[in-house]
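Following this message is one structure expressed as structure tokens.
Chains here go by letter, A, B and C, matching the order in which they are written, and residues are numbered from 1 within each.
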């Protein structure tokens, strides 16, 4: 933007100042608009089953059981007083794995996982994910699918 | 080619650019700083304070500020109350000031299956207090005052036998005994003088309902409904019962849980399903199946429940039909059978009553009391009616009518009521036609009852 | 002046030069090139007549309408990321915009107020063009394009009105489509086509959404392009005839030759520049562009201001059984609704048809060329008066419909009648 007006009249100091202020403010306004637009487009809520959910009382799970929770696509495993939660989503392309004698297998492309979720054979690139399990104040198992843990991290009651 | 006039715009340009910047900033700022964030910060601070170890304190402090919601696709709603009410499931927050207080009995109806607004009403999708509590313009389901919360129980559970909602049960009982059905249909049964009440709880506020009961004509001009003389607790009870009539459709899971597994509910079902036709209790009943008095001593509860679910699986070859009970119903019936000795239930069994007694039941069932008074004694005002400005009493119907005449009057009704003074408005109350509502066997019993109303010792006419 | 030096530096780099082929203009040649070689800016000419820059003449109404259109497209696109055109979801999504989406309410408010302002601006622009006689030859066709744009704007506002699916939306569109249905012969078919059925339901919502987000904006965009192009071809913004200058009486060969921007072409007919003294004109860059920028800031500031302090309405969820009493059409149709309350035929069919017909034939009926470029020219007293009376009547009917009609379309005196008690409260 040429600060000099056409013709012979030079720009006054005041005019220069006003123009600069204007452009600075304008830049700020554009930046604020851009930030607001991006923030607008980032969802604050999702209409999907929650990542963090309650999986019932510890007593609901018999000792030595592996229970499949269909809606959340996880297995809840109990041994004695320890609890773990394993993702049932195959790390290859996302099918739901089934239980087998020696662990889990995926019906889609034949990936085989052992009881700790590690890949035994098949195209899966990574082990199945273990999720953090905690106990809520009202004595319910809480699974957080947003937090992964090692396969040997248990909730011990 | 001189154009010096642009300079005069520089001032405008700078002012406007600053103004736009400020306005955009203000508009965006107002949106980012919402009150729920403050409540969440308070909660996090409290959790940090309570955390026992530094590690846990750190973990608690890292809790992100976010909108929390409970998705309830079957109930067609989303509840965001837990964005502010963060400690509803944490008993250690009992007595904390709102919104961080604990919700008592929180696992009777787990929040992730029921949410909040099915019981408390209000606007679940909102994230600001006033909007969420629903007391704003253009939201017609404001939060129920806590004293009326039992009304929500009645949306799913039977009102009459709910041990956890005694005032609702009282309201339901009042509805039947005062005879509201005589003029109002509820659940498809009742008179047509007044409007149907199936959705009244969704449309009317507690204040309106209360005012309507005490002085109907003040709230609904031209109404013929007589003012009801209720005691204060009874007014609240009947208002509660009305509030529970929201006409809400229950999706599958919720409908199957409708019946409370209580002995009282089981008794209700026992009578409803006609079990007494084949089994006996207290010496009364049928002889096709075994007597049920001591079934609790002979059979385990699980066996009885399974027997209700599918008799053939525990008693192969039995003639007892499979009734198709829901899980809750099976448990309620089992509960009843196990406890009926203790409760000394008095079964009112229709097949064992005489026609007059059955007729009294019919009189109660269709709410005739509402217009004709208790035991047909009259006293209900009907302004400008020729019959002494009242709905006629039925005590002497035996003298004035033959049985066929009475039957005809009940089945066809009488819409035109003779007016005392033709210049004044017509009498608001009239006799509806019950022909399409009343059942085949009921009309004769009802007439028998009506004819029995004449005080004893007087000449029995015909 | 950091931004300026940053810009100058960038524009001289290799990357900068590949994008902006003309750097910041320092000479008249460069000023012309800045306009002509830019995709966006070349819609406007390299030079404009001084008279066109006068705010008091045009009031910038055409530009204001255009800026509002841009704001609506921007905010509308953002809203499309959250809105779902389903009768079961639309209302909930509107609530989510208010409660859950960052700046959701703000963007929605901007969209709503810009929409109302645009309808008003377009109407005011039409009045200005009439009062300055700017529809007369050779601008007749551009007036028609303008009428088309006016109807498109009304269509956009009307189709958008339904999308929140609340009581206000549902019943306003029910009333509006019923008025459309009054047209003889084609009315019921037209209504069926608009609604995709017989009632306002999911089909209507889907159609209105399609019309609102793509069909009508595309027609509007095309119309605006034609409209602005015609302004140029018809000789720029209308202006009063100037006294014949010395230059015009000179033979062609002696005209000043200091037009140095080298834009020459063979064209049929007279161009605006023939016979004109160059001093009448100024370079669009920066004289026009800067003024346009300032006006843009005014419009944006105003829309932002409204959006901060007033919320777009959202009433209860649409209830197909219980209309609010009274059920009113959007404000720009309230005049018609008032007329319809007297006579369905006159209000719903005859008057709208007459209005549109009158608008369409106006420039072809009015053949005189006097009074162009001046407000309320004396030579056009009759036309001005007739038009003003029509406008006054339209405004009066709209005001009556807005403020003086209450339940059952009965008379109310707004400063005396208390608001009706809400049912059940």
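The rule we apply is simple: contacts are C-beta pairs under 8 Å (C-beta built on N, C-alpha and C of every residue); 3 or more make two chains touch, one makes a residue touch a chain.
Nothing here was measured: the structure is a model prediction, and the numbers come from that model.
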Fill in: Joint neighbours of chain B and chain A, given as chain labels
C
Worksheet item: Would you say A-C or B-C is joined by more C-beta pairs in contact?
Response: B-C
Practice prompt. Would you kindly tell me how far, in whole Å, the mean C-alpha position of chain B lies from that of chain A?
Written response: 41
Fill in: For chain B paired with chain C, centre-to-centre distance based on mean C-alpha positions, whole Å
53
Discussion item. Based only on mean CA positions, could you tell me how far chain A sits from chain C in angstrom?
Written reply: 45
Worksheet item: Residues of chain C that touch two or more other chains: which are they?
Response: 96, 100, 102-104, 106, 283, 286-287, 297
Response to the item:
Listed in rising order, chain B residues that touch 2 or more other chains are 1, 3, 6, 13, 16-17, 20, 24, 27-28, 32, 67, 78, 80
Discussion item. Residues touching two or more other chains, restricted to chain A: which are they?
Written reply: 6, 19, 23, 26, 36, 39, 44-45
Fill in: Touch list for chain B against partner chain A, complex
1-4, 6-7, 10-11, 13-14, 16-18, 20-21, 24-25, 27-28, 32, 66-67, 69, 71, 78, 80, 89-92, 106-107, 110, 112
Worksheet item: Across the complex, what residues on chain B touch chain C?
Response: 1, 3, 5-6, 9, 12-13, 16-17, 19-20, 23-24, 26-28, 30-32, 67, 76, 78, 80, 123, 125-128, 131, 138-140, 203-205, 207-208
Discussion item. For the complex, give me every residue of chain A touching chain B.
Written reply: 5-9, 11-12, 14-15, 17-19, 21-23, 25-26, 28-29, 32-33, 35-36, 39, 44-45, 47-50, 53-54, 136-138, 140
Worksheet item: Can you list the residues on chain C that touch chain A in the complex?
Response: 1, 3-4, 7, 24-26, 78, 81, 96, 100-104, 106-107, 283, 286-287, 297
Worksheet item: Considering the complex alone, what residue numbers of chain C touch chain B?
Response: 28, 88, 92, 95-96, 98-100, 102-106, 166-167, 278-279, 282-283, 286-287, 290-291, 293-294, 297-298, 300-301, 304-305, 307-308, 314-316, 423-425
